[in-house]
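Order of writing sets the labels: A, B and C. Residues in every chain begin at 1.
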Amino acid sequence: MAYLQALLDGLLIGGVYAVISIGLTLVYGVMGIVNFAQAEFLMIGMFVAWFAWAYLGLDPVVAAPLSFAAAFAIGWVVQGQLIGRVLKAPAVAQIFLTVGVLILIENSALMLFGSQFRSVTTPYQTMSLQLGPLFVSVPYLIAFVMSVLCGAVLWWFMGFSWFGRAMRATAQNPTAAQLMGIDTAFMYKMAFALGVGLTAFGGAVILPYTTVFPTVGGQFVVLMFTVVVLGGLGSVAGAVIGGLTVGVVQSMSTLFFPIQLQNLVLFVVFILVLAFRPQGLIGAAR
Amino acid sequence: MTILAVNGVSRRFGGLQALSDVSFSVSRGQIVGLIGPNGAGKTTFFNTLVGVVRPDRGSILLEGTDVAGWKPHRVAARGMTKTFQNVALFGEATVLENVLTAGLLRYDVAGARALALSCLERVGLAGAADKRADDLSFPERARVELARALCTEPKVLLLDEVMAALNHVEMQEILTLIRSLRDQGLTLLIVEHHMKAIMAVCERILVLNFGRLIADGSPEDVANNPQVIEAYLGSSMEAAE
Amino acid sequence: MRRWIIFGLLIAVAAALPLFLDARGYWIRVLTLTLLFAAMGQAWNIVGGLANQISLGHAAFFGIGAYTSTLLLINFGLSPWIGLFAGAALASVAALVIALPTMRLQGHYFTLATLAFGEVMRVIANVWSSLTGGPVGISVPFMAPDPLMYSFRTTVPHAYIALLALLLVTAVFVWIDRGAMGYRLRAIKGNEAAAEVIGVNTMRVKLSAAVISGALMGALGTLYVQLALFFDPDTAFGLVPISVRVALIAIIGGVGTALGPLIGAAFIIPLEEFANDLLSSGAAGLSQIAYALVLIAVILWRPRGLVTLFDAVSSKVRKKP
């Protein structure tokens, strides 16, 4: 029974992990860059939601679009002014530019907000619904539903809007896309901003059951990368499967390992996947 | 004296049977041509010989040793290597460095350098030794690739469309080079689309179609083989050029 | 040739500086750290520059070296000079363990895998407190000054040891680069499939580079902790303090060049100290922000490293008739 409960919790959390990580895979898919600073935008999303709660009385879940917007704006500038300039530089330069952005964002938050831990209290925080013998935690459920909604909007956007199709065209063949009149520089800004915005949205949505502090990104870095690699770098559908898998693995591991080792389990899964199936669970074999 | 004996080599890629039960043997010092329509499996077959692709079934006996499934560097050490169809040089390195690296298989740096220079002489590119490989024209790069392969001191050399994009004079030079390599003791397998060239230099032709060996004989026999003609979509041999 | 002149000049300056600095002071410490990190950057350069495999997990080797020599000293009284070799040996085993599964990985996947390994080591060190002391960290035991036990009265010997270490690691780098292994590594970088076909044992070459780099990094870990005298898992296995930093040093300086790491370290380490001193009295994090801004600026301005500055300057000089 404990297993089923852990499985359920894992799936609910996993849905959110998917939304958080989709941004990372989207950026890679369109631009070929692994954004090591992605988790910092999670932190930004969480802070925006926290401040909306503290000063405007908004529930973090309601504030999630604000988090999206804030990260979108910052991401737009970061891509336009910084990352966009190294798209043709050697991969090392790209990797370390994003690392520089990571340090910049993390310490800006430290300077502006201080290092103390902050969390929210919401009326439904400790509520849970009964589903037969299982308990469904309400914060988890709300986070999951929001993630599904977000995912649905994204799916519609990528599949049916002009922007979405233009982005996919740019991802597949930038030169051809340009020849068709698509402004690839604009698309890259769009993809990056969208990607980090999604991660920030996820951050707001998990705030009811986590705490925020400037270095919280570090706790999610390996998690996000595991999701993305499991699903195949560049595959949005893969990020969904990866997210659910990681959620379940993490949840199940609480049954067997003390809390300090849980991250270790995740790392080991990560390394094993990279070693034996780097193209992801559903990716095409090389 | 059989130097290469291929027996029952097969390879499947997902839903496609790329090679089916290919079997033949080659005597030392022969020049054998390998032809077939596009997609027949010629490059895949070369890849199984040198170890880039592992055959699902079959044996590849190089001087009596079965090298099927061996990694390419071991096959090269044994004496078999190939050139790449679209030329795979180390672009940022110089021509000399490209060829020298192959010599390191059997010699130290000094020895490899000496061998590399002589290989470059044989293909007529001794003067280009210090140029960046990317800066050469395509036919020149193909010749560097040939020199590089020679620098591994192979016993069996596989040439994958080494005459693509050559004009008539250049082609004659390569054909002369191929004959002289044979005279020096090499055994050669050549994939080529230039029919006249293949007919001129090869004493024996193998024909692949859809992964199967459908003909094996002298150029005249193969040219008149109805199965071969049909494989090329009913066109005659002359028209196939 | 020009680069060797610059290298020689910098080394000469580094060798002469201790004579002018306060032997127990702040600046000689900065010099020693600069030289040590230059050596570490050079060790990283073997894999990151010559083999073109960007590792963000070199802290794994560093930490293994640090913990091995210190634990051997504490538990068996073994001199750190010997512990250094033990640490290097263990680190090379770790390099094999890490390299075997990750070698086939391309580009970003390789980087992510090394990052994960570094973090795994950090978590293990934090959790296995009975062996490592856990998050609280370990102190290198205080000893009476004894060169045989790597304990000195002043920082000066540390500086010269670091200088020698830099020269040694650079010699290894150059020996690899100029020798047969260098050709093979460049071939793999150029076209791995073609390299295999012409006889390069790509697996053995990559493994060798990883093991050499890891062993050197482990030895440098010992040198570092004998200077710092205290460390914890977040320092010794730290992603940002070690892995990112040594990679940055090589990259900012000029990845794949012998001179790069020295220039990179000479730029970055004093910059960090400067930022810390000047700005940490201000808000927390300000010094890191300044540091990050400078790094970003340098990457944008010179994506191939500061070492290209010297080429650019000299080509301008040559243009004068």
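Following the convention adopted for this analysis, a contact is a pair of C-beta atoms (placed from the backbone, for glycine too) under 8 Å apart; a residue touches a chain by one contact, two chains touch by 3 or more.
Remember, it's a predicted structure, so these values are computed and weren't measured experimentally.
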item: Most central chain, Cα average position; value: C
item: Leading chain pair when contacts are tallied as C-beta pairs; value: A-C
item: Cα-centroid distance, chain B relative to chain C, in whole angstrom; value: 45
item: Distance between chain centroids, defined by C-alpha means - chain A, chain B (Å); value: 50
item: Interchain centroid distance [CA atoms averaged], chain A/chain C, Å; value: 32
item: Residues of chain C defined as touching chain A within the complex; value: 48, 54, 56, 101-102, 104-105, 107-109, 111-113, 115-117, 119-120, 123-124, 126-127, 240, 244, 247-248, 251, 255, 283-286, 288-289, 291-293, 295-296, 299-300, 303-304
item: Residues on chain B engaged by chain C in the complex (per definition of touch); value: 50-52, 71-73, 76-77, 81-82, 84, 88-93, 97, 100-102, 104-105, 108-109, 112, 148-149, 151-152
item: Chain B-touching residues of chain C, taken from the complex the two chains share; value: 179-180, 183-184, 186-187, 189-191, 193-202
item: For the chain A and chain C complex, residues of the former touching the latter; value: 28, 34, 82, 85-86, 89-93, 95-97, 99-101, 103-104, 106-111, 114-115, 214, 222, 225, 229, 233, 260-261, 263-264, 267-268, 270-271, 274-276, 278
